[in-house]
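Chains here go by letter, A, B, C and D, matching the order in which they are written, and residues are numbered from 1 within each.
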Amino acid sequence: MTRLHVIIPLRWSDFDAYAHVNNAEMLRLLEEARIEAFWRPDDGGVGGATAILDARPGAETIALIARQEVEYLAPIPYMRAPIDIELWIGRIGGASPEVCYELYSPVGVSPRVLFTRAATTLVMVTAATGRPERISDELRHVWEPYVEEPVSFTKRGR
Amino acid sequence: MTRLHVIIPLRWSDFDAYAHVNNAEMLRLLEEARIEAFWRPDDGGVGGATAILDARPGAETIALIARQEVEYLAPIPYMRAPIDIELWIGRIGGASPEVCYELYSPVGVSPRVLFTRAATTLVMVTAATGRPERISDELRHVWEPYVEEPVSFTKRGR
Amino acid sequence: MTRLHVIIPLRWSDFDAYAHVNNAEMLRLLEEARIEAFWRPDDGGVGGATAILDARPGAETIALIARQEVEYLAPIPYMRAPIDIELWIGRIGGASPEVCYELYSPVGVSPRVLFTRAATTLVMVTAATGRPERISDELRHVWEPYVEEPVSFTKRGR
Amino acid sequence: MTRLHVIIPLRWSDFDAYAHVNNAEMLRLLEEARIEAFWRPDDGGVGGATAILDARPGAETIALIARQEVEYLAPIPYMRAPIDIELWIGRIGGASPEVCYELYSPVGVSPRVLFTRAATTLVMVTAATGRPERISDELRHVWEPYVEEPVSFTKRGR
């Protein structure tokens, strides 16, 4: 029941002509959060208990994106302080883990605002063959502490 | 039961270091398709039966994005020919129409490949007040020919 | 003394929170103009007299960017009509051609506005070795009709 | 003779299909460096001796971009560590300061690599009128410690 916490600085270019973080750019923030939480550091060392979803070019196993779902709850205005992202694993599956996110206002800002809820379904793929790759027992074991109920979406039409 | 058809040229910058259209950039393509299908032309005239979802800065009613769902079925490689996007309205709702999309390989390429399925839930908002705005009977009438079953997603975990 | 003419549609995401085409995004427009003017079409055929600066992944010779200079003369507001870009070759050099650009308001809009002047110095490189590659006499011959005086910059401080 | 030092984390989306930081995206990095060095923090307080080039929406004086010049000296590969950017003011001018940059490999990486040299000419403009605004003596005084010779470009064709 442990969530991963990362902070991601916004960029001026995340904002569109409505002066809010653009809806597509939101997925860039999810992408950076995923990398920060799950990829190995530059030196190839283990960056944390979960640093094993490493999908950098050259990695043996890469993680392709199969599906994303995003609920935009409040527009994100320009601010210098990095936004605060919580990540967890909603389900591990056979080869398709689901990463869940909640994006919040910067740490220390009160009241705390939930901007966005999202989930990404990945597919673990052997880079050399392009084939889905069963998640090993070892990896399952490392991920288990971060597994929690999948994010609950409230805006689905059906 | 009529779908809208638009073609959107890719840009080199849509591709990430995997040499595929990036997952976030995909939402840019949906955004451009939506604008092409629904916004009024520069001269403010009516661009087509559906040119009334106009959300340009200055419009009285703007369309905010409440929710997006995307299934990435096949990676999109670099190509010069524009991709072929079909759009329709999955439901009209009170103030929240849902736009559905299927992204296909360029017209004339055989066999035709379905790259992506997606849906965007919009909220029609009065620009001056920020309040949701009930969709008028007139608008409903104009949209009705483009209403079809919502896109069927196959990768939802639940 | 022939210039190449291409038209490039803007995207909503080219605009930043000032509601103008962002300064960095301007280079995306130059990039697309260069590709449209100089790269071979998808079928590998010759797309025009100049379709030989082809730098797509897999090409034997690629064109790296060594230098860019841009003068922003007037902000570009949002518009649906594609902007009108003139390109020419300012000098051919040994391995480093310089592509020059002027970006104008859409064809048919009066009066015509010059938004941007720019130049890009490329380096032709053998993909396999990463080494600069002397431009062949054949290529020089093909390019000669498009060689014109380099763009004159007026805002250099020195 | 003091340079400003900022570090800017790369994003996966800065990389194009050549797996290098894209040439246009480079200007995003300059943009973020400029903001980090010169804009006031969120609370409107003074962020440092130079925090007065503040161009955020709502500011009385904004800084438009008149000109940019960039030399790409070495491609920037993907890395998790933030790149190291040095900024200084190459000249103050009447209303048009020039910001100069050198982008280096991350702090601690040896040997240090100079990736990019660049300069941006800004125009200080009164937001309400759009007119250039003479730089005050007070501002000149604050900037003086950061004035150094403008960056020397080596790849200009003329």
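Just so it is clear, contacts are C-beta pairs under 8 Å (C-beta built on N, C-alpha and C of every residue); 3 or more make two chains touch, one makes a residue touch a chain.
It should be emphasised that the depicted structure is a prediction, and the values quoted were computed from it without experimental measurement.
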Query raised in the report: Which chains are shared contacts of subunit A and subunit B?
Result: C, D
Query raised in the report: Of the other chains, whose C-alpha centre is the longest way from the centre of subunit D?
Result: B
Query raised in the report: Once you count every C-beta pair in contact for both, which comes out on top, C-D or A-C?
Result: C-D
Requested in this report: Starting from the mean Cα coordinates of subunit B and subunit C, work out the distance between those two points in Å.
Outcome: 30
Query - CA centroid of subunit A to CA centroid of subunit C, Å - result: 36
Requested in this report: Compute the distance, rounded to whole Å, between the mean C-alpha positions of subunit C and subunit D.
Outcome: 24
Report summary line: Check: subunit C positions touching at least 2 other chains come out as 12-13, 17, 19, 24-25, 28, 31, 57, 78
Report task. For this assembly, give the contact graph shape among line, ring, star, complete and other. Result -> complete
**Report entry** Complex contacts: residues of subunit B adjacent to subunit D
**Finding:** 12-13, 15-19, 22, 24-25, 78
Report task. Spell out the residues on subunit C that touch subunit B in their complex, using ranges where they run on. Result -> 9, 11-13, 19, 28, 31-32, 35, 39, 41-42, 56-57, 78-81
Report summary line: Listed in rising order, the residues of subunit D that touch subunit C in the complex are 17-18, 23-28, 30-31, 57, 62, 64-72, 75, 90-91, 93, 98, 121, 150, 153, 155-158
